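Order of writing sets the chain letters: A, B, C, D, E and F. Residues in each chain are counted from 1.
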């Protein structure tokens, strides 16, 4: 089980370009949420190897604004496997481009369900 | 106060096009979250007329998948005004294109803080 | 009839982000036209509940540039119902983020036809 | 003058991908308008070598739907030079990928004004 | 043959908007590559009138950065026709908006193969 | 040195959605190139912690088409450090969503230069 969790860990480095910014010159929160959901969805699918649907996201906490010209790493990891649902914990780390600074800036949990071709819930494992 | 809440209510109709779909042919959950955050951000700004930053989103519940060729209405409304933060309740309604069916498909709450030009929290009202 | 016109009125709030700007730092005219056509298409479909195709847009008048960091509301309303075509009047209002200023900035009319599954024109009502 | 008109003629080939489609599987009208405005803006700027702003578009006529998997050529050409405004005629031609069929599918005119750094109208030539 | 090469020449004018920029305020290299591949693909298809797939790109040389508020023309031309593959030479020219300066800024070659409906290579001509 | 190479290794998981497809229903080659350049740029920057510009890409080889509903992992790794330039090797791996199949589908090398604030080349290390 642990190796399966390890193997499905999913990472996505992104660089903040002008097209990702809001009117205040920082990463738009909704874009961060979209990136997190994409990473969570890939993590869940790579773990279960079944068709997954988003059930909910838990509290998404924005700790610090993400500025233009920084690098973001979004990391998704399986945190709980229930019968027909799975929980993915996602963190966004911010890395400055020209220094070694790296810090956690957003954190959230997403729940997915596994479904069959008739959209009925099926066991995750 | 009530009239200010009413006046800042923010609506956004969207139509689901192929560019909004995931690999299963339904609206990608992350895109729904991005739309909700945009509507919530506009609602908060139109109410407070101050610079707002996203603090967090509460549980986002996906009740039903949104198919291609349907219409979505995202509605944002002020639900709580605290000292330096404001809570916006957002709902996505799904409307079928060729029938009168309309139903609630996603629901969430977002919290924003008002900040001054030095990024310090200031009163909402 | 009037209530059907009222019910199909379609609103879309948007916020101007860097990705929407031209090289002069204002909303690109073509993007404004795309938003207006989307709102007009939704308005026409919500009124007729039939498959609609854009036939033409009438004169689109750009009254004022829309700057970054402002809010736009695009409003579509049925203005004329003919036999097989329908006319939608669309206005973009600009709202400043941190003041009560609101003014009309773009205005246009779009004509749509209702078609059946063989792409033949059919009555709107 | 004629050579200047000829030299500023502006062409843009595009291929229709899923991201450009509406829910009916054809090119979304608003996207066609955005492409035409971009080509018109480039044509006007290449002719006048001055800062241009869109004043209006005249009637945009959609003659035929543009399907996925076809090629579009958007062609912009100066059609009238007045004192402080310039008119650009834009046509979209559709080319089938695997045959020699080529036909006109959309046609429109755009008017631009030349402005100085204080946003005041200045002569085109 | 020469007239067929001439007829399939494919041009695409683009204007550099904020959404195309990297964090340094210049056109993101990857976006330039995407535009070149699109133009090369259209050129190959318009020449062969067959289903084409990208086999490879040769060295892509970035000679100069492309700044915001400039115009790019991407030009694709058939440079070699082999049995089952075709080579397209692509150049990006940069044009300043308010002067007559025009210079070559990126250059590359792309190879495409013609395939049938079973994805098997077939002769280009 | 080796640990610095290891530490700057950069991974980006993506899922292929309709918006990424060409007219043949597979990942558009130009989009793959854009993703590879983004990952290469982040890898180079994370290694050198200096301002980097793309100098060139070497031959990009497309081994297999990438279908909708598959997962792609783009991996960038420093492969050569010269005086003022650095070479990044990038591979795209394809993972099927519902099986354990994983295979290499695209491979390329990108060269970047480090520059100072006057755009003059400076040593990588």
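Just so we're on the same page, a residue touches a chain if its C-beta (ideal position, glycine included) is under 8 Å from a C-beta of that chain, and two chains touch if they have at least 3 such contacts.
For clarity, every value in this text was computed on a predicted model and none was experimentally measured.
Participant: Under the touch criterion given at the top, what is the topological distance in steps from chain B to chain E?
Facilitator: Shortest path length, in steps: 2.
Participant: Which chains contact both chain A and chain F?
Facilitator: Both-contact set = B, E.
Participant: Copies chain C, chain E: same or different interface, half of numbers shared as the threshold?
Facilitator: Interface between chain C and chain E is built from largely different residues.
Participant: Let me spell it out: compute each chain's centre from its C-alpha atoms, then which one is farthest from chain E's centre?
Facilitator: Centre of mass proxy via C-alpha means gives B as farthest from chain E.
Participant: Considering E-F alongside A-C, which chain pair is linked by more C-beta pairs in contact?
Facilitator: Of the two interfaces, A-C and E-F, more C-beta pairs touch across E-F.
Participant: Cα centroid separation between chain A and chain E, in whole Å?
Facilitator: Computed from C-alpha means, the inter-chain centre distance equals 35 Å.
Participant: So how far apart, in whole Å, are chain A and chain D when each is placed at the average of its C-alpha atoms?
Facilitator: 40
Participant: So which bits of chain F are touching at least two other chains?
Facilitator: Residues 15, 18-19, 22, 24, 28, 38, 41, 51, 97 of chain F each touch two or more of the other chains.
Participant: Chain contact graph: line, ring, star, complete or other?
Facilitator: other
Participant: Could you run through all the chain pairs that touch each other?
Facilitator: Pairs of chains that touch one another: A-B, A-C, A-E, A-F, B-C, B-D, B-F, C-D, C-E, D-E, D-F, E-F.
Participant: Could you please specify the touching residues of chain F with respect to chain B in the complex?
Facilitator: 15-19, 68-69, 97
Participant: Applying the document's contact rule, which stretches of chain E touch chain D when the two form their complex?
Facilitator: Where chain E meets chain D, its residues are 10-15, 38-39, 41-42, 45-46, 49-51, 71, 95, 97-100.
Participant: Taking the complex as given, what residues does chain D use to touch chain C?
Facilitator: It comes out as residues 22, 24, 28-31, 33-38, 41, 51, 53-62, 65, 119.
Participant: Taking the complex as given, what residues does chain E use to touch chain A?
Facilitator: Interface residues on the chain E side: 18-23, 28.
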